[in-house]
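Two complexes follow with chain A in common, the first pairing it with chain B and the second with chain C.
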Partner chain A sequence: MENIVLDGTGRTPYVSFDSQAGKLEISGRSIPENSITFYKPLFDWVDNYVQSPKDNTTVIFNLEYFNTSSSKCILDLLRKLETLKDTNNATEIKWYFDEGDEDMEESGNDFKSLINLDIELVMK
Partner chain B sequence: MLDVYQYFKKMRDESIILYFKGEITNNLLTSILQLIDDKLERKSEAIKTKRKVFSILLECLQNVYNYYQEKEFDNERYHSAILMIKKTDNAYHIVTGNYMANTEVAVLQNKLDKVNSLSPVELKAFYKEVLNEEEFTGSGGAGLGIIDMARKSGQKIDYSFDAVSDHHCFYSLQVKVLA
Partner chain C sequence: MANSSNVFTRELKALNQAKEILEKTGESDSVSRQDFEELCKHYESLLGDTRVITNISDRLQNKLNRANDTLSERSEEVKRFNTQLNEQNLLLQNTIDELTKTRLSRRAATITIIAAMLLFILSEGLLEPFIEAQAQKSELPPTYVSWISFGFKGLIALLLKPIEYLIDRYLQREAIRNQEQQETAQEMQETA
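== the complex of A and B ==
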């Protein structure tokens, strides 16, 4: 399957979904006007990926800002990744936050408590 | 001649960081966010304060923008909104104001009163509940935005609805971030 690489903009994050490496990364700002339009191709990619995943999958969220409309998309993305647990594929999810950015740390904890996958909170 | 200096002094004395009145378009929204990002970058505030101000401003602006996208009021006059950011001794104040149909006031007021009645712990639980269950509309749904603002602010949200006509009012919102 084709990888996704998107450059970050002032409103949308850098995205790198690499199926060969089993590495998914979303970094920067996710504050688009309509987040579902932005995230739809990412959802489709993950739906495909979980059909034949790598033994080990690494997922990185390294966000500076995300709006509430993106938060729903991030949760949906994580829900799709829960499938990997059902199929016993190792998944490592890292949620980065800047030192002192307590809201971003809190958000990582929110997602952690809502999904059935472990999320490691990493202070930068 | 307009007394420009008077305007300048008034804005300076009230520590107004940003003041805008007019129609909020998507391009303008991007520009305003960039502008405030630059301004905050130069301030010696804690990172959490800067991030809170930016995040709350973002939700406020997207709420106003989305509202007007959905409504398309006949009267152009009603497309205009106000945005202000000011800094007092101990806090940043993010203020927005926009026209709204009277029929929508009750639902919004209920949401605002509800978040204002909740403790930080209850707000966190309510946020997660809405995030988990809310049907997705694409533009986020005003409910989650208000809860998020209240959480990040940690203060009560001030609001008012001023009567404008039989069908419209002016909705003002003021969110505080302690510095």
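== the complex of A and C ==
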């Protein structure tokens, strides 16, 4: 399947979904005008990926800021990745936050409490 | 609002499915356990999402409020600095004006001294011989000649201060006129 690579802009994050390496990364700022328009292709990609995932999947969230509708999309993305728990796939999710950025850390904790996957909070 | 309803497509679908089941179910019929379980699952998921999103939204709002407060504080600081700067500028301008006045006054004094020297030379070289010649013709006593000569010199000395004042005023007016011309030229350049 084709990889997705999107350059970051002032309102949308950098995205790199690599099916060969089993590595998914979303970094930067996520405040798009229409979140679903931006995230829908990523949802479709993940729906496709979980059908035949790599043995090891690494998911990296390295966001500096995101709006409320982006948080819903991130939740949906994580829910789709939850299905990997039922397979033999080893899934590693890393949530990065800056030292002193309590908001980003607490958001990571919120996601961690809701999703049935191991989310590691990593201070940059 | 179109954006927020689009991100809840899955939830809307679950709700519509539940409503369809309800419509199909008669008053005496009971809803199947499986369908009810499905509805509970979706409700739980939606509740969890809502809780997280509300927390995130609150944090974003707090961040925004803090940023606004900081912005207000900085704005006040800038206003204070501007006021201070304006006061300093006014002080500076006053000092410059005083210095200019002093410089022009000195120039007036220098011109007056030169004028006084020239008048002294003229009085010694031309006026005094003329007075002596006229005195000899009219046969006035020598003391009268001396008094007339002193009188002219005294008049010249007394006139020096008014002459200095007039020169000073003229130089100040010229300086003001030049400054106004410069300001007008600058304004025209800026508008052009």
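The criterion applied here is as follows: the second predicted complex is superposed on the first by the 124 of 124 C-alpha atoms of A that agree within 3 Å, B and C clash if a C-alpha of one lies under 4 Å from a C-alpha of the other, contacts with A are read in each partner's own complex, and residues count from 1 in each chain.
Note that a residue touches a chain if its C-beta (ideal position, glycine included) is under 8 Å from a C-beta of that chain, and two chains touch if they have at least 3 such contacts.
Values in this document were obtained by computation on a predicted structure and should not be read as measured data.
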{"item": "Clash or fit (per the criteria above) of chain B with chain C on chain A", "value": "clash"}
{"item": "Touching partner for A:98 - first (chain B), second (chain C), both, neither", "value": "first"}
{"item": "Partner chain(s) touched by A:110 [first = chain B, second = chain C, both, neither]", "value": "both"}
{"item": "Touched partner set for A:11, first chain B, second chain C, both or neither", "value": "first"}
{"item": "Larger contact residue set on chain A - chain B or chain C", "value": "B"}
{"item": "Segment of chain C that clashes with chain B, given the candidates 61-69, 97-105, 133-141 or 151-159", "value": "61-69"}
{"item": "Set of chain A residues, in rising order, touched by both chain B and chain C", "value": "33-36, 67-69, 71-72, 75-76, 103, 106, 110, 113-114"}
{"item": "Partner chain C, residues of chain A touching it in the complex", "value": "33-36, 66-69, 71-73, 75-76, 79, 103, 106-107, 110-111, 113-114"}
{"item": "Contact footprint of chain B on chain A as seen in their complex", "value": "10-11, 31, 33-37, 64-65, 67-69, 71-72, 75-76, 98-104, 106, 110, 113-114"}
{"item": "List of chain B residues in touch with chain A within their complex", "value": "26, 29-30, 33-34, 46-48, 51-52, 54-55, 58-59, 62, 65-66, 124, 127-128, 131-132, 134, 136, 138-141, 144-145, 148, 151-152"}
{"item": "Complex contact set, residues of chain C against chain A", "value": "2-4, 6-10, 45, 48-49, 51-53, 55-57, 59-60, 62-63"}
